[in-house]
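Should a chain be cited, it is by its letter among A, B, C, D, E and F, assigned in written order, with residues numbered from 1 in that chain.
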């Protein structure tokens, strides 16, 4: 098969950590900002203000492990700029989370909200932990204690977390429950991405992958590409990647290759995505 | 003159920054703690908890300069351990302040309160600025904005600042006034080291130097030295150094040498401290 | 006249108190819940949690009577489950109000909100008093003091009262005014069922009766009954009963009998409801 | 030229101060209210309550001038009636602001909100200052300090300022920023009339002038006048006056005369409003 | 009898209102301050700040009278200067209370606290009412509503009322109870001068009269007068006047004349104060 | 051995539950109060108020057990009267805790504080649980969740818990830590009876037993008994019982019998209390 046009490559793998080994991520984010600032002709004062994060909170907190021992974890919550309104941004659990990474992500949240006109500033949080090494009980203990520690800095009018890498609706439910217990009544507005039964938004699960495809559609329109004649390659077949793959297929694009952290698969005539998803649900990977 | 015993050397110069160029100061503090923990036989969980700071807050805030431009400064407030009660610790203004230094100083405040049985945990704050380059108006603007930024984390029942390197009763008065204005009524308890007319403690000005001499007296008693026959050398003739020198002289010790950042002076028969202080007040240094 | 089908019987008389003489009302509510839990297949943990009320507050408070003496009244506010959001439920004034009754009603409010998908948990309140024995001044004093006592537990984001048996928009206005005075500014969201001029909802007066008829219409549709050919009997011709009667008549049903606590009237050809209402407004009963 | 009908005269000049020299403005407002109360048949208790302002706050606060000296300014914030909901009203900066004037304006805000059915009570604020004598830095200092002083009495659920005479979106931005800094997170709802980029409403700039023309259109309709055949005279060619003039011209009315505090201009065939505005922008007046 | 020295004249009658008819009382207070400022050599900025009251709150609030009608009363609470700590000052009920009077009294409270070194700023409050025309029930209603209205501005750490002209421990008990009810728990520190059983201070009842005699003793000592040989005249035989008279008698001074608002009595050999007090308790005056 | 006088019998066994099987404990407490009220001649209004508890809070809360299942526990916190100041009273964990018992204990705390003149009102709390069936982890989970549920009602200025039956310094430490975590800083004043290292009072451990002996000494003095010639019997050799026994022995009384829930021991010549305590520490009982 001869491709008339190069495939649409959707890269959703979390390669930040590799990058970061060589570069300070926040420094990268500031440099990006300064390029944009030149384009926008921002004055010097505004550049100084926007190239810093307003508030960076680091909390070190003990968690009881299942074996009765105590581990101390380091958590972050950074608010880049509260000018436009409450700040907003996810919380990630990853062994390589650093303050610099969280600061960069908080800054990017400000830009993301600004380009679509949402009245939010950017924020981000994280805990330095490999959640795959924790039991559910430990994960719950960690989430509840981290929530209590950052409680003075978050809230529906102040700073609103969301799920991110390795966090999910269950973790947001624990966060919301902890916050609500501590103030003495239910506060659903303290987080987004909570389970729908607790007031979460419908469609949020697919939102990241769908937004990715919205961007592809607009890019294709501007460049005059016909997606129905395109092929698609997805690097990172997790939640957003698999949603994006399915939506590209619905637009008529042949999804010819997908990969995850264990490897990739390729079929020049297009993969059977239902079969791939079923395989991944069963084995944990698209490979094999 | 032949000295019968080596002089008492009082070193009060802020040599932390030189040290820090080679070592991470918080790492030094943790190592010191672990040595003490071995002596105390502390269990592993307690070591993990106490070798971290509970809460570290970094704020980046704009200040309007006298020429109308804006500078963004980085301030810190670290609370090491709130177990014993409200946390307590000074705020320093210095161009080489780092998070690691503030964390180390906060930890040391916990130990200092604990060894004398005060029901306080340790804290410390700082702003990365060379205050000697600022006008009084700029210094006031910086102090008021920094206070506003850390306001949610301090208070009479929570965390109580104090003067430290390059901060003084005037700066504590601005801090207290800003905090009080923001809550709508006067809160003298939000800081110590404020001017006596605003409720500051008598004797606080001399407290650091006097505490230093208390330690010397106890050490001399234990080692069987007679301070009345001793001589004294003071490195760092600032507020605590000049007070310590005067008190050593009152105990009968000959203060034979004093120095500051510009150099030192020596008189084997003992210096005339009133004359030295007057000279320093006039010229800014003990030299010349 | 031969009825082709048995009449629609609308029973709105407050017979709870009779029932309660023999049964503990909350026990009844829990048993109902457990039947539903079996149908839903709820797990054991969830059954335990939902068969209790989260928070039950009892307040005993003095009220000055018109003759200058003091009476102490017992009031309740129970919040069954705040999981779905703020809790919501009426306040009743009745001499036979008990904690058990208020708990049962709070639990039922959770189910009522849940079946129609409202993001509220259930709550209920009450004061043990026969309001018909109080003057308006005493009723106002009692309402204002009861409101002050439960003020820490209610609020627009926390728990929102409403009128119930023997309470009305005037009492909600006193409640809202007391709450607002105490916090220092107007808080219309602290209660529903207030007078329209203070921000109450239009249509609320008819809402209970109308909801009753909505249920009848749906039941008739499912059972294939033609309401236009039906007759209606209303037991309890108070606010909801008279509204339901009027709406049934608008649907073409002949309202052949209505009753209140003093007795009932019957006309096989249908009653003139305007005349009945006018009679009741004048004499206090439908009888005679 | 013979006018078929007298011109529409739009008077937007701030002649309150002249009036006030002879009359106490709040007394005037109460007398107006009592006339309306007679028409409405209000009872005596309601007249007593509504003819007073609930809360009148006077603050005297120091501001540092550019030359280092301190001036003490007097500011007001009056809340007439919080019954309908949060109170709402502008803040004016004028050398002749008095408590009586601010009280009258607060009362009028209650009536203005009531006649259009907005769930707000009336409020008003002001500072006794001639803002034209202040530098931008002094104006900012004054605004930030005044905001801090009235902070306990305002807020999105309590009392919401807006621009008024000599205040503008920039001043509201300082107010919002001061309030937000003091509480520690962004509170856009604390004021209306802020810059659109901070969450201000589109169309607000033209709202006062447009509302004026809405009133004229309704009056003309009722009186059977044809505005397309009318001529218009505008006294006070500031923001609302120039907007009203432009909108009247769009309705076909010939704007034959406009004036400001320095004088007026007249052209029986209608003025070129773009030219007039350009002239005023350049010279500060319509004259010359 | 020939007096060797003129009598000590103790004037405690509330003649402020007469004075005020001719002078604005706050203007008088400012002029006094400026004389003292000259003596102290205060700089210009400090004069400007101290010659104003920081915060002046006026509240107009409805009270239900015994006959069911509503009266609207005007209350004041003025805080002159919160620099030294919480503000402190009495609340008076008098038909001639004005804002100017309350401001003057608040300023004087600052000076009174300062001269004896108490860490309080000055405040004062008042309600424009002739309490002698109110029943106890009306007085209680008025006090409770006034307390609620000024509640946001008072509190143990903020501003602490006390009894003054026509207010007493009972009124302070109502104030404390209202404040406590509104926050939901007991706050004894919100007022001084409450009944001893509620935590009031012993000796407070006699404090004003005793302080007066302390001043006389010091004046006599400085002037070399022997009080045991003096005679005393007391104008205003209310609480402080009768206490002062008794204490002067205990010091050996002959109290030869006392007066109240109805007239005076004179006995050159000294009055029998027990008899005078008993007469006044029975008849309401010293006359007759 | 012939006793010259009957032995002092100290009964500290928790026999409340047996009593309660037959009587409603709060009813007993009210009856006691009414007897005292007759002696004191209390008026009717005061009797009505004091024979009720101001606020009774019941919380039902889930706790995760070690096996992963959930149990729902019922906790109480009752505040009898906050008139004298903050309320104060212990928290007990017992399977037979009822609302009536907690109400009675809260009322008795008011009387206990009043008779010794402490400025506290009475309160009491409890959880219906047999703590001996819980692991330490479960006990901690239960304590932390109960604390969170009653958090809105307690605090240093509001209501201050303490240890009681089956609760101890460790449990108070968990309570204080939970409260402190939730507000974000250390609040040692939220409870008494915490470990001394966290700010607990020295001597508190012995306080109950010592108070018991103070009462005995006073009774003996009034009755003319010589305790040095007495013998003592202690029923309930727990914390207060063993302390009381030791103190009675120090006063010269022969402690001839002690018992606990498993039985008793008797030695007419006096027991060796150190040996008894050591036996109990080893075996859990005085018997055997």
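Going forward, a residue touches a chain if its C-beta (ideal position, glycine included) is under 8 Å from a C-beta of that chain, and two chains touch if they have at least 3 such contacts.
Treat the numbers as computed from the prediction; the structure is a model and nothing was measured.
S.K.: What chains do chain A and chain E have as common neighbours?
M.R.: B, C, D, F
S.K.: Please name the chain that ends up farthest from chain F once chain centres are defined by their CA atoms averaged.
M.R.: D
S.K.: Determine, using the mean of C-alpha atoms as each chain's centre, which chain is farthest from chain C.
M.R.: B
S.K.: Please compute the C-alpha centroid of chain D, do the same for chain F, then give the distance between them in whole Å.
M.R.: 65
S.K.: Using Cα averages as centroids, what's the distance between chain C and chain D in whole Å?
M.R.: Computed from C-alpha means, the inter-chain centre distance equals 46 Å.
S.K.: From the mean C-alpha coordinate of chain C to that of chain E, what's the distance rounded to whole Å?
M.R.: Centre separation, chain C to chain E: 53 Å.
S.K.: At least two partner chains per residue is the criterion; list those residues in chain E.
M.R.: If we look for residues of chain E contacting two or more partner chains, we find 149, 152, 184.
S.K.: State which pairs of chains touch, listing all of them.
M.R.: Once each pair is checked, the touching ones are A-B, A-C, A-D, A-F, B-D, B-E, B-F, C-D, C-E, C-F, D-E, E-F.
S.K.: Within their complex, state which residues of chain F touch chain E.
M.R.: Contact set of chain F toward chain E: 82-87, 119, 121, 155, 157-159.
S.K.: So in the complex, which bits of chain E are touching chain F?
M.R.: The contact residues of chain E facing chain F are 180, 184-188, 198-199.
S.K.: Looking at the complex, which residues from chain F come into contact with chain A?
M.R.: Within the complex, chain F touches chain A at residues 148-149, 151-152, 181-182, 184.
S.K.: Can you list the chain C residues touching chain F in their complex?
M.R.: It comes out as residues 44-45, 48-49, 51-62, 69-72, 74, 149, 152-153.
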